[in-house]
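One chain, subunit A, links the two complexes that follow: it is found with subunit B in the first and with subunit C in the second.
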Partner chain A sequence: MPSSQDRRPWTFYVLSLLMLLFVLFLYGPMISVLVLSFQGPSASLNFPLRDPSLIWFDELFNPTRVGDVPGAFSRSLPLALVVMVLTVLISVTAGFGFRHRFRGSGPLFYMAIASLIIPGLVLSIGILVTAQFLGLSASWYGTALGAHLTWTLPFGLLIMFAILGRLSPSYEEAAFDLGASRWQSIKDVVVPIVFPGMIAVALFGFTLSYDEFPRSWLTVGTRNTLPLEIWTMTTNVTSPALYALGTVTTVISFFVIAVALGSIILIQRRRSK
Partner chain B sequence: MNFTPVTAPSGASVTDTSNSGEIRLVDLTKKFGDTHAVKDINLTIPHGSYCCLLGPSGCGKTTILRMIAGHEAPTSGEITIGGTSVLGLPPVQRGTAMMFQSYALFPHLSIRDNVAFYLKMRGVGRDERRKRADEMLERVQLAHLRDRMPAQLSGGQQQRVALARSLITNPRVLLLDEPLSALDEFLRLQMRVELKTLQAELGITFVHVTHTQPEAIALADMVVVMDTGRIDQAARARDIYNSPATPYVARFMGAQNVLTGKVESIEGGIAKLKSARGETFELAPQKAAPAVGDDLSFSVRRDYITIHKRADAETQTATNSVLGTVDSIEYQGNFVKVSLQVPGLDTFVANVPDHDYFIEPIGPGDAVTASWDKKHAHVLDRVDTGASEPYAAH
Partner chain C sequence: MNSRSSALPYIQVSPLALVLILFFSIPVALVLLVSFFRYQMLVGIVPDFTFKNYADILTNRTNWMLYWSTIKFALIVLAITGFIGFWISYFLVFHVRNLVTAIALFLVCTVPFWTSNIIRMISWRPVLGREGVINQALVGSGLTDQPVEWLLYSDFAVVIAYVHLFTLFMIVPIFNSMARIDKSLLEAAVDAGASRWGVIWNVVLPLSKTGIALGTLFVVTLVMGDFSVVTVMSGGLSGSAASAIFNDLQFLNYPRAAANAVILLIVVLLIASAIFRLVDVRKELVR
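Right after this comes the complex of A and B.
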C-alpha cells in the first residue's frame, strides 16, 4: 500500500473536532456541577474552586436550611422502584400478548403508544382534575404513580416489541418438541432468552420515573418528589448545596445504570464464554 | 461418525407398545385461512425408511412435516404412527423428534445443557442427565465442546448438537426440516453421508424435507415429489428419476425433456404420434395402451439425446427427432449441457458426453437435429399442459 493511502483525509480531523465539542457539551456541565459541589465555605456559585470541602453535602442532609431533600428522596426512590416493577410486569406480559394477532390488536397498540405524544404538563393537569372529580386526593404513591406509568409503559412496550420481534418461535417449538410444558418453556427458554431486554425495560422504567418532572408537577399532591424539590431549590437556594444535590442524584442514576448494564454484560459473557 | 443405536432411557415411559415408526397420512388436509397448504394427502412411509419430501418452496412439504411432528394440527384427515392415531398428542408421546431448519439451539444454555434439556423437562436428576448428555455428545464426537455456548460453534457442529438433542428423546421418527440448507457445499455433502449412515445405524424412520433434487436422490429410500399442496409421485429415487409419473415431476427432477403428440396409430405395441409442429414420434406404451386420437406426453432423459449439426435448409425431421438451434453450452466436466431452442417447447436440453461433444463441437446459434431411440421414450400419466410450473429445473 502506498503511504498516501494510509494518511487520514482532512474530514477525519474536522469530524474528530466536532465529536470532541459534542462530548464537551454533553459532559462539561455535569463535570462543572460535580467539581463545584466540593466548593469551600466561601459559598461561591462560580469557578474557581476554593478550599475544597464536603460541607455542602452535609448541608444537603440538614433540612433546616435547604429544602427537604432526604424526604423527597425517600419518596422518589420507592416511587421509581414501584414504577420499575410495574413497567416490567405489564410491558412483558403485554408484549407476549401482542405476539399473537388478535382482533383489535392494532388499535390497542396505537392507543397504548399514544400517551407518549400527549404533553406531560397537560397530562398532569388532566390527572389532577380527574382525581378531584372522583373525590381522590393527589399523592405521590397514587396519582403520580399513574402519571409516571403513562410515560414508562409505552416505552416498555416498544422495547418488548423489539425484543420479541427477534425471538424466533422455533425456540418454543423446540422446547415443546423436547417435552417442555407451556410453563417450562416460558421459565426455562423464553424468559432467559429475553432477560437482557427485561433489564432494559426495568432501567427505562426506573430512570424515566426517577427524574420525571412534567407528569409529577400537579399529581404528587403536597409532598414533592426529588425533581420537583430540585426545581423549588433553584428558585430559593443560592448555595453550592444545589450542586451537591446534582452530584448525589447523578451518582445514584449512574449506579442504577451500571448495575443494569453490568448484569446484561454478565449474561452475555456467560452465553459466549 | 460412529453412531450406536440409542437405548431407551431408563425411567422414560413409552406410551405405546408398538415401536414401529411407520407413518400413515390419510386424506390429510391443512388450510390456512382460505388457502389449502396441503390437500387430501395419502401417504404411507414404511418403518425404518429414509423418506425425502421434495418440492419447491410453498408446496406444503414443511406443513406435512410439522403436522407429523405435532406443531401444526391438520384441518381434516388422520395421522397414525405405528398404527395408532397421534392426533392431539404432544411430540414426545408421538415418538417423534424434530430437527429445525435453524437448529433452534437454546442460546442461553451450554451444549451439554441443550442436549440434556429433554431430560431436565422430565425431572431427571442433574448428575444422571449430565452423564447421559455427555454420552450422547460422545456419539456425535462433540464431547470436548460440551461447555461451549451454541454461538461459539460452527454450522456443522451446531447441527450435530441439534441431532444429539433430538436423539436423546429416543424417537421412532426423526423429522428433519431442510437440515442441510444452512451449510456450505462441502459440509453439506459430508453431513449428507453422515445422516444416511446414522439412519441406517439407528434403524428408525427419517423424514427429511428438502428442495434440492440431488439431495433427495442421494439420501432417500422413498422420494415424495410435491407440487402445490399435493403429491405428484411417491416412489424409489431411481423410479422418480427414470420414470417420472407426470410432466411436473419430469421437469422438476431436471433430467428429462417433455414432449407431447397426438396418437395417430398403434401397431404391434408401437404408438405413432404426431406433434402440433408436425414432428413424428414412436414409442412403446408401458402401461395402459392409449387410444388413437388421444394426446400423449412422454419424457426422454437428457443424456439419451444425440445431437447432430444440420444444414439450415433442412426442415424435414426424421421420426423421434426435433429441430432446434443451440442456445447455450455449459461444460460440466464429464458431460456438456447443450440447451436448444426448439420452436413450441420451453426447454430442450441434451447432456452430451464430453468425449463425443469435442469430436464434433457445436456452438450457440448452430442449427442442429436432436434425436433419440424410441426405447428411451417414457410415457407420462398425464398430458403436458405446458411448462407453466414454476421452479422447473432447467
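Right after this comes the complex of A and C.
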C-alpha cells in the first residue's frame, strides 16, 4: 500500500514471487526450445544437449528435407509489412474519425469488436466461400491480406482509443487560439502525442499478421505462409529442425519488437529534452 | 465535439468500414447462407434451403460433448488467467514504486505476445514430455520411479498452453484500468479505516472492472475459437467446438462446417453481449 512507504507489506513479497514464477513460466519453455535448436546429430528432442551444432538450421534452408521454409518466409514478410502499413493508415484515421459524433459510430464499433472476437476459423471459411462465390481464387496477397486486416484493424483501433483518450480536444483549440494554422496544430500538437501510439499500432500490425495461423489457414491459397509451414511441421517433422525454425522466427519477432520499442524510447527521450 | 465539417468523420472511418464489410460482414453473411445449403457426396455444395445441417449438429451427442469440454476449458482458463492477471497488474501498479521498473516488468510480460503462438505451444514439448525437463527432474530426484505420463498430451497440457498463451490478454487491459486509478483514493480509503483487503475489494476491484471485462472477453472468445492448441496439446484426445468445424472441412463438407461455424459464432456473440451488458466497455474506451 502506498501509505506504508517505509516497510514493504508481506503481500509485496508474495506477489514478487508470483511475478518471478510467472516470468519463468513465460520464458522457460521458449528458452528450452532456443537451446535445443542447437542439438547435435543425435536428433534428440529433449535435454541434454549433445554435441551442439547448427545442422538443424542448415536443414531449414534445404527445402527438400522439410517443406519450403525460405519460400514461406518470402511470402510472410511482405504480407506482414503490407498489413502493417495498411493497419497504421486505416486505424489511425479511423481513430480520429471516432473522436467526432457521427451516425453509425455505434454499429461500426461493434462490427470492429465482432471482427476481433470471431473465431479465426469461422472467418477463414467465410472469406474462402466469398472468394468462391466471386469466382476468385484464394491467395496470400489477396484473401489472406483481407483476413489479417480484420484481426489487426480492431487492435489498432483499440490502441488508438487508448492514445487519443489522452489527446484532449482543448489542446488543439488552444493551439488555434494561439494563432496556429490547422497544419501547425497537427504537426506540433497532434503528431507528437500520437506518434508513439502509431509505432505500437505498427508493431501489432506486423507481428499479428506474421504469426497468424487460423485466419490464414483457408485463405492463403496454395502457397503457405510461415505459420502454416510451422503447423505442417508440427505433425510431420520429428527432428530439432522444428525448434530451429522456432528459434529463427522468434529471433525475427524479437528484432521487430526491439526496433519498435527502441524507436518509441528514442522519441520520448528526444521530446523530453 | 465540434461539427465544423460533418463529412470529415465519415471520410476518416470509411476505409475501416470498407475493409470490415468486405472481409468480415459479407463473409459472415455468406457462411450463414451456405449453412442452409445441402452437401452431396462427390458433388459438393448444392444450393438449397434446408435445416438438415443444424439438425445433424444439434442431435449429435459428440457436438454437445465438444461444446461442454470447450466451455469447461474456457472457465478453468478464465479463472487462472483472471487470478494471475489481476495480481500481476496489482503488483506492477501498486507495489512497484519505480515507474521505469514497472514499465520494464510490464514489457517483460507482454513481449511473448508478439511472437508465434504455435512455437510457444510447441515449446512445452521438451518441458512436459515423457523425457522432458520436469520428468527428468522428477525421476532424477527419486520422487517418482516412472515418468509422469499425463503432463503432455492431456487436458492438463491444454490448460497450461492456454494459460501460457492468453494470460497476456488479461494482464494488459487490467493493467491499463488499474494504472488510471488515482492513488490518493486508496490512501483516502486507508485513512477512513479500510483494511488492506477492504481497499482491494471495494476500491481497486470495482475500478478495474473494464479491464477485467475486456480480458474476459479476449480469453473466453480465444479459447472458444481455438482448435490448434487443443489438437496439438491433447495429442488429438480432446476436441473443441472449433475442431468440429475443422473435421467437417477435412471432408470438404462446407455446409455442415458453415452451420457449425454459425452456431459457434452465436455462442461467442452471446457471451460477448453478456459481458458488454455487465460493463459498458465502449463508454470507457471512447472517451
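Before moving on, here are some points about what is shown:
As a convention for this text, the second predicted complex is superposed on the first by the 251 of 273 C-alpha atoms of A that agree within 3 Å, B and C clash if a C-alpha of one lies under 4 Å from a C-alpha of the other, contacts with A are read in each partner's own complex, and residues count from 1 in each chain.
The rule is simple: contacts are C-beta pairs under 8 Å (C-beta built on N, C-alpha and C of every residue); 3 or more make two chains touch, one makes a residue touch a chain.
This one's a predicted model, so the numbers in the text were calculated from it and none came from an experiment.
Taken together in the superposed arrangement on subunit A, subunit B and subunit C fit without clashing.
Applying the stated contact rule after C-alpha superposition, one finds that A:101 touches subunit C and leaves subunit B untouched.
Vertex at the C-alpha centre of subunit A, arms toward the centres of subunit B and subunit C: the angle is 90 degrees, rounded to a multiple of 10. In the superposition on chain A, A:23 contacts subunit C only, with no contact to subunit B.
In the superposed model, A:234 lies in contact with subunit C only, and not with subunit B. In the superposed pair of complexes, A:71 makes contact with neither subunit B nor subunit C.
Of the two partner chains, neither subunit B nor subunit C is touched by A:40. Of the two partners subunit B and subunit C, more residues of subunit A are touched by C. Judged by the touch definition given at the top, the superposed model places A:192 against subunit B, while subunit C stays out of reach.
Minimum C-alpha separation, subunit B to subunit C, in the superposed model: 9 Å.
Note: no residue of subunit A belongs to the subunit B contact set and to the subunit C contact set alike, using the contact criterion stated above. Residue ranges on subunit B touching subunit A, taken from their complex, read 69-71, 90-92, 96-98, 100-102, 104, 106-109, 117-118, 120-122, 147-149, 151-152, 165-166, 169. Contact residues on subunit C toward subunit A in their complex (touch as defined above): 1-3, 6, 8-13, 15-17, 19-20, 22-28, 30-31, 34, 84, 87-88, 90-91, 94-95, 105, 107-109, 111-120, 122-127, 129, 131-133, 136, 164, 167, 176, 183, 186-187, 190-191, 196, 199, 217-218, 221, 224-228, 232, 242, 245-246, 249, 254, 257-258, 261, 264-265, 268-269, 272, 282, 285-287.
If you check the complex, the residues on subunit A that touch subunit C are 1-3, 8-9, 11-12, 15-16, 18-19, 22-23, 25-30, 32-33, 36, 45-47, 89-91, 93-94, 96-102, 105-106, 108-115, 117-123, 125-127, 129-130, 133, 146-147, 149-150, 153, 157-158, 161-162, 165, 169, 203-204, 207, 210-211, 213-214, 218, 227, 230-231, 234, 242-243, 245-246, 249-250, 253-254, 256-257, 261. Residues 168, 170-171, 173-181, 184, 188-189, 192-193, 195, 267, 270-273 of subunit A touch subunit B in their complex.
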